[in-house]
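Chain lettering (A, B, C, D and E) follows the sequence in which the chains are written, and residue indices restart at 1 in each chain.
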Amino acid sequence: MGNPYLPYPVRIDEIITETEDKNLKTFKFVFLNPADEQAFKYEPGQFAELSIAGKGEIPIGIASSPTETGFLKFTVNKVGLVTSHLHNMSVGDVMGVRGPLGNWYPLKELEGKNIVIVGGGFAFTTLRSTIVYLLQPENRSRFGDITVIYGARTPGMLLYKDELAAWEQRSDIHMHITVDRADDPTWKYNVGFVPAITEQKAPSAENAVAIVCGPPIMIKFTQPVLEKVGFTPDTIIMSLEMRMKCGIGICGRCNLGTEYVCKDGPVFTLAQLNNLPKEY
Amino acid sequence: MLEYVGKIRDIARRLLSENKVDVVIGFRQGTIPMMSEPAVVSRPEDVDELYWDYNCGINLTNYLTKRTDRIGVVAKGCDSRNIVTHIVENQIKREQLYIIGVPCHGMIDRSRILAALDGQEPTAVVVNDTEIVVTGPGFERKFNRQEYLQNNCATCIHRNPVVYDELVAEKVEEQKLDDRYADVKKIEAMSPDEKWAFFDKILAPCLRCYACRNACPLCYCPTCFVDESRPQWLGKSIDPTDVRTFHFLRAYHCAGRCTDCGACERACPVNIPVRLLTKKLNMDVEDLYGFEPGMVPDVRPPLDVYRPDDPGGFIK
Amino acid sequence: MSEWEPKITAFLCNWCSYGAADLAGIGRMQHTPAHRVIRVPCSGRISPKFILAAFRRGVDGIWVSG
Amino acid sequence: MTSVIIAKSKLNDFLASLKSGYQVLGPVRQGDMIAFGPVNKAEDLALPYSNTRLSIKSVFFPQSERMFGYSLDKEDADAGIIKETPKEYPNRVVLGLRPCDAKAVTLVDVNMDNPQFQDPWWVKRRETTTLIGLGCEHPCSTCFCTSMGSGPFDETGLDVLLTELPDAYLAKSLTPKGDQLLKQAKGTDAASPANEKTAAEIKTKAEQTLPQLDTAKLKDKNMMELFNARFWERVQFACINCGACTFLCPTCWCFDIQDEVSKKAGDRIRNWDSCMFPLFTLHGTGHNPRDHKVQRVRQRFMHKLKYYIDKYGDGPACVGCGRCVQACPVNIDIRNVITLMNEYQTSAGTKA
Amino acid sequence: MMKGLLEYMGTEPGRLHFSWISSAESTKFVEVANTVAEEVKALGPAKHFIKEKAEVA
């Protein structure tokens, strides 16, 4: 019997500072044991516990896509004890990854549909995983239109800037990048909050689902906009975050009513959430 | 003290119907013998929920912290001293409070009575002037009331409230005691190793449930030192060093503020005599600064202010 | 084996004792090497938590000096 | 499923034979409390007793337990790699636990040993432990086990059930584990039909002394309406948010995971945690989904009495042992809360 | 007070010292430093309040 609390050892392979405030870094991990990589089969939307000996564990959404092999990527915001320590670690350091955990965006069930991805700030990580997955040549044909609305506070706070630029150039994905404010005169994309841009671009709800992930305030104001353009609660898919410890539905802290966010979530439809206590 | 019940209800009814207060905080009769539940009443028709007996040992000041409404509160001597501490420490304003003072005869010690019954279960407990009569399936036991008071009540010298707007009865006579700190002095007489072993033993059952901390009106910090993570001062397991660090610092945070209400000890689910720590500090504060917490509304506690004549014997 | 030397954490006030220690150094005065000095902005900054934290890490003695 | 008689005079023979194959734990005196501890001879057993202060869960799931260890010494090749701490799982017998506690273990099994994930420590200790329950001839006034799907002589979760007769114990084996234990035990005699009859009478009599709380309506309540009920304000007022109820509860399983470092090595340790503590759900950002006391108190009762029922189609996750009723410093009585929840009027249907 | 409670709980007197020394009193500093060290030395290595590996299951 495998021990579900025991992390796989990994080595930090690359660290990329993503944002101008240097609080967001992307870590690329390589498994020490190739067999562990085989065991770590995941889907976009899942998360893992990053595990640092002596500090603890943090649940972080997987930013890499299952279509990218040989490594795992996580983008981590510096907030607490573990994340601060992680930000001080260097390439070559050894730590642990435990997972994959939780459920995922139900992409297999969404085949043939148009997909609208709405993201804000540093919650874009699992959405990146999703986009990379969808754009994979053999996957792309199985889905309809793909629209992405992604906002950050300033141009410098956007994640994955190179990839965003590359996606902008493609014709098989509609990108709407926005920032709350831009001091940079060369900024050539939108300015405005995500809900406003969503309203403005009004993606069609026809045969479509929306995948929403972002800070609570963004979600709060985006939800009515999506409903206005015709999305129903069961076509709005959201991903929650919670304080977690075990990540496998045993330690008991992350429940919303009957559901554990770590095991039954973190991905829920709005319809599901409407029937659960609003304790998130 | 049962005669207080009617009086407390009358006062509460009057305060609520005359809109002098928004709520009245008191006790509700317990669902098991020797217990009672703190309760809040906001409508005159509900005041009959209020109750008072020998089991109201929890400190109601705990429920006042940072409230903004007008409150009628039932207070024993020790509770009233905590209300004073709360006022001094800006946790509540005197104007918000209507203090229903209860001259106290001492609360009975549930844990010692249960221990004395040795597994027999009480189903009814009646207290008279001198005795505690406990009955259960197939037995009746009588205990001397004075001997089975909570330890802090047995050594209490402020049974009457020090601040109040109204008393429910005539003041009671204060106890004259030879030595309130006999138990502390007994420990002081031990050698360091004996002391260490003694506290290891009494702290051994601790579960880190923090009932002692949370039952205490003094413990109102938004983040307690045990919950701080950067730096984390102590581990969260039941390792004996961590348990001792917790108890040491919990007690120390009450130095010069504790009114010895006994709520901590009463709340402990595993009967640790946690007051042995706070009491030592009370004794020292009394010896060094001649101060008793919660007696005067406008004096800050001694460890909170510097005075040139503060004792400095420990400094080289 | 050399004689056991205690480890003592010394919390010294920047303005008083730390200055005195500095002066002692300038004056080349000999004294015990047992102390590990932590300079604090004021000895009033010392919290009981610091003292317990030091004991918990295994020091043999603590000296707080203003 | 065999029954044997263990004469009280032969209890020491019985214990001695158990000790050759098992570590024996049972209710023993610790200070003025009863707790599960090692039993060497019959006199160690604190019988009769009403219940242990800490429940049986501490035997399978210690309050603090080392999970993993690691080196932080940069010189070590495996620095930073987290490894399992080796542990021993000797065969154990718990002798004389109450049936409510055994029932509670089965309720926690659902969480610790589910189809998707298995808690290795819980599962291994469960496998290697045989539970010999002792029926309650005289339930406490705070007991309400029969209302919670358990009972003073409930057999759920037990391998052997003992019924105390005037000068002997009737031991009824309930599982293969129990059969095996009784087969190799000494000091036992064949049970007679008369013994069985006396035991059945004792059982019926004990069950009749227990109060009946109605819990039947809980499962049909609408979860969200119950969640939003106004009575929670009244229930929560007295609560001081200590963890006494959750730590003493046999069905509370929540825990926290902490890393502790000493010099150049460290441990990952898990400790019991409590939904009563604000820190339990506090996010790194400072946001706390259960920031108010009323949310935490509601969580505890809703989890036991509604979420568990809805999620697993079983329960409630309470066995009526009465520990929280006895230990709550402010007398918040779960029996009252059960009644409030059960009587609360909601529209039908639990799931929309 | 702190010293009092530490000693009450079994820490030996002489483990914890307080002093007031002005920045000009280098002689007093040396004196006190030596006294403190001697007193602690006389007590021997600390036995209590040290957190090593947690004593848990």
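Keep this in mind: contacts are C-beta pairs under 8 Å (C-beta built on N, C-alpha and C of every residue); 3 or more make two chains touch, one makes a residue touch a chain.
Since we're looking at a predicted model, the values are computed, not measured.
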Selected interface, A-D versus A-B, where C-beta contact pairs are more numerous: A-D
Longest centre-to-centre distance from chain E, chain (CA-based): A
Chain whose average C-alpha position is farthest from chain D's own: C
CA centroid of chain B to CA centroid of chain D, Å: 32
Distance between the centres, which are taken as Cα means, of chain E and chain D, whole angstrom: 45
Distance from chain E to chain A - Cα centre to Cα centre, in angstrom: 53
Inter-chain centre distance, chain A versus chain C - centres from mean C-alpha coordinates, in Å: 50
Multi-partner residues of chain C (each touching 2 or more other chains): 48, 52, 56
Residues of chain D touching at least two other chains: 63-64, 256, 258, 260, 269
Shared-contact residues (touching 2 or more other chains) in chain A: 80
Interchain contacts (touch definition) - all pairs: A-B, A-D, B-C, B-D, B-E, C-E, D-E
Residues of chain E that touch chain B when the two form their complex: 1-13, 17-20, 32, 35, 48-51, 54-56
Footprint of chain D on chain A - complex, ascending: 1, 3-7, 9, 32, 51-58, 79-80, 83, 93-96, 216, 241-243, 245-246, 248-255, 257-258, 263, 274-277, 279-280
Interface residues, chain B side, partner chain D - complex: 30-32, 35-40, 58, 62-63, 111, 115, 119, 121, 123, 137, 205, 207-211, 213-215, 227, 235-239, 263, 266-271
Interfacial residue positions of chain A with respect to chain B in the complex: 80-81
Chain C partner contacts - residues on chain B that touch it in the complex: 225, 231, 233-234, 241, 245, 248-249, 252
